[in-house]
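In the two complexes that follow, subunit A is the common piece, with subunit B as its partner first and subunit C second.
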Partner chain A sequence: MGINKKIVVLSGKGGTGKTLISVNLAAADGNSYYVDCDVEEPNGHLYFKPQILEEKTVSVLIPEVNNDLCTGCKECVDFCKFNALAFGKKVILFKEICHSCGGCALVCPVNAITEIEKTIGLINIGISENVRTVGGIMNTGEASGIPIIKNILEYIKDKSGYIFIDCPPGSACIVMETIKDADYCILVAEPTIFGAHNLEMVHQLVELCNKPYGVVLNKCTDGPNPSEDFCKEKNIEIIGRIPFDSELGELNSNGKIAVRENYKNNELFYSLLNKVKEVSR
Partner chain B sequence: MKQLLILSGKGGTGKTTIAGAFIKLYNARAYADCDVDAPNLHLISKHKNLPKKKDYYGLPKANIDLDLCIECGLCQANCRFGAIDYQDGYFVDTNACEGCGVCEFICPASAVSLKETVAGELFLYKDDSVFSTAKLKMGSGTSGKLVAEVKKQLLENTKKVEIAIIDGSPGIGCPVIASLSGADIALIVAEPSVSGISDMERIIKTAHHFETKIAVCVNKYDINLSNTEKIEAFCADNNVAYLGRIPYDSLAVMAINSGKSIVEIDCPSGNAVKAVYARVIELIQKEDNL
Partner chain C sequence: MRIALPVNSKDIKSELCPSFGRAPYFLIYDTTDKSMVFLDNPATRSTGGAGIRAAQMLIDQSVKVIIAPRYGENAARVLIDGGIRVYKNIAGTAEENIGAYENNQLNVLADIHPGFHHHGNK
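Coming up: the complex of A and B.
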């Protein structure tokens, strides 16, 4: 087996350029994996337009009550910490808030509860030129995409090559899950006080998780850059800068991959890729 | 009180910038930031007093008493979240633990108990206006519940306010669903990119699930005019109220970076957002008269 490097691209704030950077790094490397962990709002496929090779539904277990056996003791309702069960004339389940812990089936004294599968979304594996794409999509109305992300991460666990992982925004459990196996984290930040504030949050997160990391400053202008100031203050390595540029913005808004359009002779993303390979070695 | 919620699906389309402008224009006396994963509204809102802080307890987390543990492994076998590990004894990975209580129930030696854990912090600013916000602790998982607490804190501290303005979070999952609960109208800030369109369609579907009334505006419309027109056509085809366009504006960045809302300086985006604001208020009041 060859090299296996998981490079996670994240930012506390949304819309800073996570997808732009992870898509272009994967495309620049060529023989790589692009993994979209934003299963609530996946966008990477809009750029790669992959040929889908495999699709799998992801389901979770939810309880089903056999009302002929149920004695109405309400032990399951009392046990459920998520308040996903209530009792009217019979047990009522609020599917969306069930965490699939299986507790209700365990506590039922008459075995009236069995667990059945409920589909919450799917994962798909595809290919675009030489880039293998892995992604997932959560059904609308569902509360948590974590089981889908777990499926995605399981799939890429022992894959070889550079694996670029596009993270969902925020710094909650879902992001923690995604960076658990990371070899290197790229924090993407934009030059606003919002960007700097959220950079500070993901910075804390990667420090907490003890991961090596560096910052890419996106949408840079000649004006002040609060995110850059933060990096300098904390002595954080800046591994790349992407200027604010309407040509890049237009390519990106049309779902085009900059490195496949030979944007600015491809200097920007290829040198960023080399830098990433160097720092993640 | 009516709740005007601002959402987008995709992150970074301008929710907080627009919420900040609305708060200023309406001279809002009640507002909240429901983006508990990455709150930012407090950076551009001005308050004389420091906020009142309150710990937020998520669901309790399991804890194993090693003096009582008989190492039977039942807790690990029954945990659906992979939250129980073994290294010189069983222990709980508190980041993975969802506090369901199965391990406590299954343990034959009563070695497992659930312990209250701080999962974040709530902030309440109260002077001329009431501003409720919160910050989830790193890696914590109960953002939906914290969003509900932010809204509860706002409601408990305001009286006789016509419209409350609520800044939402990106995505379509639990924090968004929690913020939709009780909202009278969700204004979706769309961005004219392929990602922005795809994400807008998914947040609209999600709002429909919960039967929340929606309206759409386009921010940074001039970065891609043909995509802006696609969004407008989508709204027309799907009977979604469309409230207007806001241009990309480098002055907006300057306003934000000096802690101001875009209507506090003279700039193109500030002027455009005023028109969107007038239409959304009209929409809420029209609703009232029906």
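Coming up: the complex of A and C.
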């Protein structure tokens, strides 16, 4: 096995440029993996239009109660901290609230609870030119995409090459799960006060998780850049700048991959790729 | 028979709390001996499933009737299974609502609130 470098691209708010950057870095590198962990709203496939080679369903375990054995002791109901179980005349399960901890089956004194599989989504593996793509999609109404992300990360765990991971927005549990195994984190930020505020939140997260990281400033203009000010104040390394440019905006909004369209002779994303390889070494 | 009402404060003159699952207290009134007790709602601390937790607490308290402004579909599943009847409140205090119930002036609360969990996807 060669190198396995997981580069996670994240940002505190949506629409900042995570997909733009992760898609283009993966395309610039080639022989790489593009991994879409935004399982609630995946959109990397709109750029890569991959040929899907394989699909796997993702399941979690939920309890099933045998009412003939149940004595109505309510141990399971008392145990469930998510309030996924209740008891009127029999045990009632709220499947969409269950977090699959398995505790109810453990505490049941008469073994009336067994665990059964429930499908919550799928992961797919595809190819687009020389880039392998991995993505997941969560079924509507499910409580958490984390089991799908775990499946994705398990799949790429020992793949060789650079693996560019497109993270869900924000700084909640699902993002923590995505960056858990990251070798390097790219924080993308916009030149607005909202951008700077959300950068501050993801910055706290990567610090807390002890991950090496750098910032890419996206949509840069000649005007003030609160995100850049924040980086200077906190002494955060800025590893790249992407201009606020209508040509790039148009390519991107048409689902085109800038690198594959030879945008500005490909200087921008190739130099960013080299920088990422250097700082993540 | 025991009646429960979600209330904003531990006072028979309290208005009813518009939220069932997140009401701070439940007033439990016993029609047989006219006694009453205020219970803290354990569900106020729940991150989710508050209606389910509150409904469970009332079942465990042997409540048979609830008077409330509204309740959600998850709470409804539990209350129906527990054989509890829910009545729509009238404007006024908990005391006035208990009086109205005892005079058969309340209607069964038929519409179940779909909840705020699905953000309009229903």
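Operating definition for what follows: the second predicted complex is superposed on the first by the 281 of 281 C-alpha atoms of A that agree within 3 Å, B and C clash if a C-alpha of one lies under 4 Å from a C-alpha of the other, contacts with A are read in each partner's own complex, and residues count from 1 in each chain.
Everything below uses one rule, namely that a contact is a pair of C-beta atoms (placed from the backbone, for glycine too) under 8 Å apart; a residue touches a chain by one contact, two chains touch by 3 or more.
Fair warning: this is a prediction, and the values are worked out from it, not measured in the lab.
By the touch criterion defined above, A:A84 lies against subunit C but remains apart from subunit B after alignment on the C-alpha atoms of chain A. In the superposition on chain A, A:C73 makes contact with neither subunit B nor subunit C. After overlaying the two complexes on the shared chain, residue contacts for A:V279 are found with neither subunit B nor subunit C.
Look at A:T140: by the touch rule set out above, it reaches both subunit B and subunit C. In the superposition on chain A, A:F94 makes contact with subunit C only, while subunit B stays out of contact range. The larger set of touched subunit A residues comes from B, when the choice is between subunit B and subunit C.
Under the contact criterion defined above, the residues of subunit A that touch both subunit B in one complex and subunit C in the other are 82, 140-141.
If you check the complex, the residues on subunit A that touch subunit B are 12-16, 19, 38, 40-41, 43, 46-47, 61, 79, 81-82, 96, 99-103, 106-107, 138, 140-145, 168-173, 175-176, 190-194, 197-198, 201, 204-205, 208, 221, 223-224, 226, 246, 249-250, 252-255. The part of subunit C that touches subunit A in the complex is made up of residues 43, 46-50, 52-53, 55-56, 59-60, 74, 77-83, 118, 121.
Listing the residues of subunit A that touch subunit C in their complex gives 74, 77, 82-84, 86-90, 92, 94, 97, 140-141. Interface residues of subunit B facing subunit A in the complex, by the touch rule stated above, are 8-13, 16, 37-38, 40, 43, 59, 78, 80-81, 95, 98-102, 105-106, 136, 138-141, 143-144, 169-174, 177, 191-196, 198-199, 202-203, 205-206, 209-210, 223-224, 227, 250, 253-254, 256-257, 259.
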